[in-house]
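Quick one: this structure, given as structure tokens, is what I'll be asking you about.
Which chain is which? They are A, B, C and D, in the order written, and residues in each are numbered from 1.
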Amino acid sequence: MPVILQNSHVSPEVCLMTIKGLTGKAGQFYMLRPTKVLDPLLGRPISIHDCVDGNCSFLYRIAGKGTSLMSELRAGDTIEAYGPYGNGFEPVDSDIRLIGGGIGIAPLYFLARTQKALYPNRVIEAYLGFVEKPFMVQYFRAVADFVYVRVGGYITSDVPFEENVVNYACGPVPMMKAAKEEAEKKGSTLYLSLEAHMACGVGACLGCTCPTVSGNKRVCKDGPVFLASEVCFE
Amino acid sequence: MPVILQNSHVSPEVCLMTIKGLTGKAGQFYMLRPTKVLDPLLGRPISIHDCVDGNCSFLYRIAGKGTSLMSELRAGDTIEAYGPYGNGFEPVDSDIRLIGGGIGIAPLYFLARTQKALYPNRVIEAYLGFVEKPFMVQYFRAVADFVYVRVGGYITSDVPFEENVVNYACGPVPMMKAAKEEAEKKGSTLYLSLEAHMACGVGACLGCTCPTVSGNKRVCKDGPVFLASEVCFE
Amino acid sequence: MSRLTTILAGVELKNPVIAASGTFGFGKEFEGYFDPGILGGISGKGLTLNGSKGNKGIRVCETPAGMMNSIGLENPGVEHFVKEGCKIMRSTGAAVICNLGGHSLEDYVKAAELLNEADIDILELNISCPNVKEGGMAFGMCGATASDVVKRVKAVTRFPLMVKLSPNANDIIEVARAVEDAGADAISLINTLLGMKIDVVRRKPIFNNIYAGVSGPAVMPIALRMVHQVCKAVKIPVVGMGGISSYTDALEFIMAGAVAVQVGTANFANPYTMPRIIEGLEKYCIQNSLENISEIRGII
Amino acid sequence: MSRLTTILAGVELKNPVIAASGTFGFGKEFEGYFDPGILGGISGKGLTLNGSKGNKGIRVCETPAGMMNSIGLENPGVEHFVKEGCKIMRSTGAAVICNLGGHSLEDYVKAAELLNEADIDILELNISCPNVKEGGMAFGMCGATASDVVKRVKAVTRFPLMVKLSPNANDIIEVARAVEDAGADAISLINTLLGMKIDVVRRKPIFNNIYAGVSGPAVMPIALRMVHQVCKAVKIPVVGMGGISSYTDALEFIMAGAVAVQVGTANFANPYTMPRIIEGLEKYCIQNSLENISEIRGII
């Protein structure tokens, strides 16, 4: 079973955990199970926050039972980790802009870091919105060309959705809805990393479907990243 | 929540755990819950193995789900511990003999140590039976006047049940039955520390009753220690 | 009147949290942890007319997030309860609910008559115990038999009558309606679900009776659904239970329509469960500016 | 014949471990973890005649040691299955079980007729889905309606017919007997138990349909009891399921009389669940000198 290399708080509510021997690409996620017993039963979908030397790190907010147990694990403990799951972010050949709301910044960092490493000359902008105290901003500063931070209100209202930049947003549903509307108005390409309650993670249970213009899609398998123009918010 | 001071193996299947801030007397037990979640749900009854400076230690065999989780806890972790429960061993004013089978030796050590401290001149004998490799024998040697160890077979067949010594037995049911028969034949006083599946530990659920000559008794509240002559094995 | 004060079948409870029958003795067993007087009520161990030694063999075992029991209504009998049990319960300061089981119609009626001598607040008629060979759950399986026993007992008892339903009933809504029509003043549910466990090493059922009653958090979603269904089907007050272990669990039942809740198995896992639920509900009312917890009752 | 070879309604399975309907897609989704060909069988996602988009809103949520789902039979329809789904399933190498739901008698019959064109081994008639508004579970609530649909489908299908029962039935034994009398070749149970969960913050039910189906380890004791009851009541083979997550769980069902087992929810918690169960059963047979697993079938 995968071994935890490190697990610590980056804020009272947010932790960063590194697990040994996992791989994956930006936008993909793992189902993490922090127990060996039957409660909690299901894995928790958590995005890959970074992947270095064959170890993956995860940035997670303590939201409930599962993530709370996760936060108590320590280096040397084992954890069930199934994945990498999902399609991941589509690579593009243009400047990119990351729009993260709260813990939604988690998968965006990996995208920024890897894109910068591959294409040092492309511009990467990060718009990060937080309800209260920001976290992990210094990480983004290290890899992005421009980092804009907003505390309170809607980060999307500050984003200039021009046409020649591809946007990637991840955050609460209202934020993603707003981003979709703005992007559509401005004719800008936008990818959304969606969330849904999941059971299997592999496309077998149909628990995580979301309506799209081309019918139901499984967030775990066909997503979690979708073109905003395809997504039909309910 | 009580904090674990130490938890380590004394054999591949047996662990010794010390928990801070618990008290109790020999023969009493605690209900220990090694998780914060709902599975496993019920506390596990574990006898006090020793109690020093307001900290209790527990000697337990990894038998299933609960004890297995318990064995993975480390110093600094917390554990739910409810107790002390039960009547404990009746103090007597005579020489005493401890008859322990396997993990049944756990509560007997505390009795031996405290009795020796109180009455250095009384003779304490320990008859310890094991299926395979003995464990914790050196502990008994340190406090008892005579320690007899048997591996395989029935330890009870080696015990001389004379009249003037009070016997305390704890172990598997067949062993306790045999001890009762032998003691009755020889007219020797025998106390048994019984086991039963428990839910509440406080006498509320009637889950742990055992038949005695004076009707049903609750092992958790009226016991776990009973005069062998009172117990009716089914 | 405090934020948690609750009226159940005409009886005022300090709060809507009641210790479930069979899990709290006659009220004193958890005193080492908290004063039972803080509870809204206590439902005592299920009585039978002449008492019983209960079942042999293993009586409790754990299941995933739950447990099974096959106590078989071990109890000291009605007479003993009238003389002593009810006094012990009364001395706690919580409302006294007497849980009554039976093996035959005559048993129930005779016992209810004798209980008129006891000092209790509510009679809880248990027609749902899955662990006794005769009677017990059989009375609660369908409306007709349930109606019979409720009518007969209602005719003789001087106490408000609460009837405890079985989740194993063919159609719990039908039974609930029948019980209401028969004159019950309140309904409580659920009793345990019939379950089974096998010891694969011994190749034998764990319990001598083969089947036993499942309870605890594992069954809560099922219990909540049944409580919701019954609340929609009857007008008399409903007391909900089954797997409650936190104040949010209790809130779910109250939102589903329960006037009060009972807490059973969770007391075993953590003896502070009920005081914590009461505190949690109190805080919830304050934070949500509820004058009384009943404001959210049945909002779903 | 190996120690685990099992005959179910005339069909030879490599072993008695079958992926439960709705939890294993059409057989390929867990390929990253193990070759689905090692399974005894695969029951595909429940089909309906014309397909369906399923339910809106939250579709799955966790419960203590279990989960609830309200998928609402999202599926591509029978025609698509005949053309593609069954081929995908066949290519796995496991026995192919087609799970069929429906909203009306006519739907079931029409679909069964169309399915005669498909390459499958067993037709599993789902008269127990709690998550569709019309039909579904309604057919499985009592013997009479169950009997009707089974007779009609049996008359048209060319495959062995296995009927999947609902634990929410009024009297599951009565339904089982009715289904046997109506010509079913096998019975499978249990489908999910009707449950409910409330979001106390939003003060709304979690699921749009209010109620949803509970599954997973939490329900195993109830499932095992029902499987035992049905095994005692009928002569046709019974496939047991509900909460199985280990080989000892599977053994409990087999000892209770099940010819084979299905595994659902546990696959989500750990995708290696089924290969481990198969290994465990194999080892168990060797250690206990069983020529075939059937030697312990129904010993309780």
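Criterion: a residue touches a chain if its C-beta (ideal position, glycine included) is under 8 Å from a C-beta of that chain, and two chains touch if they have at least 3 such contacts.
Keep in mind that what you see is a predicted model, and the values were worked out from it rather than measured.
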{"item": "Smallest count of steps, each to a touching chain, taking chain B to chain C", "value": "1"}
{"item": "Pair exhibiting more inter-chain C-beta contacts, A-D or B-D", "value": "A-D"}
{"item": "Far-end chain from chain C, centres as C-alpha averages", "value": "A"}
{"item": "Centre-of-Cα separation between chain D and chain A, whole angstrom", "value": "35"}
{"item": "Rounded Å distance between chain C and chain D, as computed from the means of their C-alpha atoms", "value": "34"}
{"item": "Chain centre separation (chain A, chain C; CA means) in Å", "value": "46"}
{"item": "Residues of chain D engaged with two or more neighbouring chains", "value": "64-66, 216-218"}
{"item": "Residues of chain B whose C-beta touches two or more other chains", "value": "38-40"}
{"item": "Touch-based graph of the chains, sorted into line, ring, star, complete or other", "value": "complete"}
{"item": "Parts of chain A lying in touch with chain C, wherever the complex brings them together", "value": "38-39"}
{"item": "Residues of chain C that touch chain A when the two form their complex", "value": "64-65, 217"}
{"item": "Partner chain A, residues of chain D touching it in the complex", "value": "22-25, 29-30, 32, 45, 53-54, 56-62, 64-67, 69, 71, 74, 216-218, 245, 265, 267-271"}
{"item": "Contacting residues of chain A [partner chain D, same complex]", "value": "33, 38-43, 80, 82, 197-209, 211, 215-216, 221, 234"}
{"item": "Residue ranges of chain D in contact with chain C within the complex", "value": "63-66, 68, 170-171, 193-198, 200, 203-205, 210-211, 214, 216-222, 224-225, 228, 243, 248, 251-252, 255-256, 296, 299-300"}
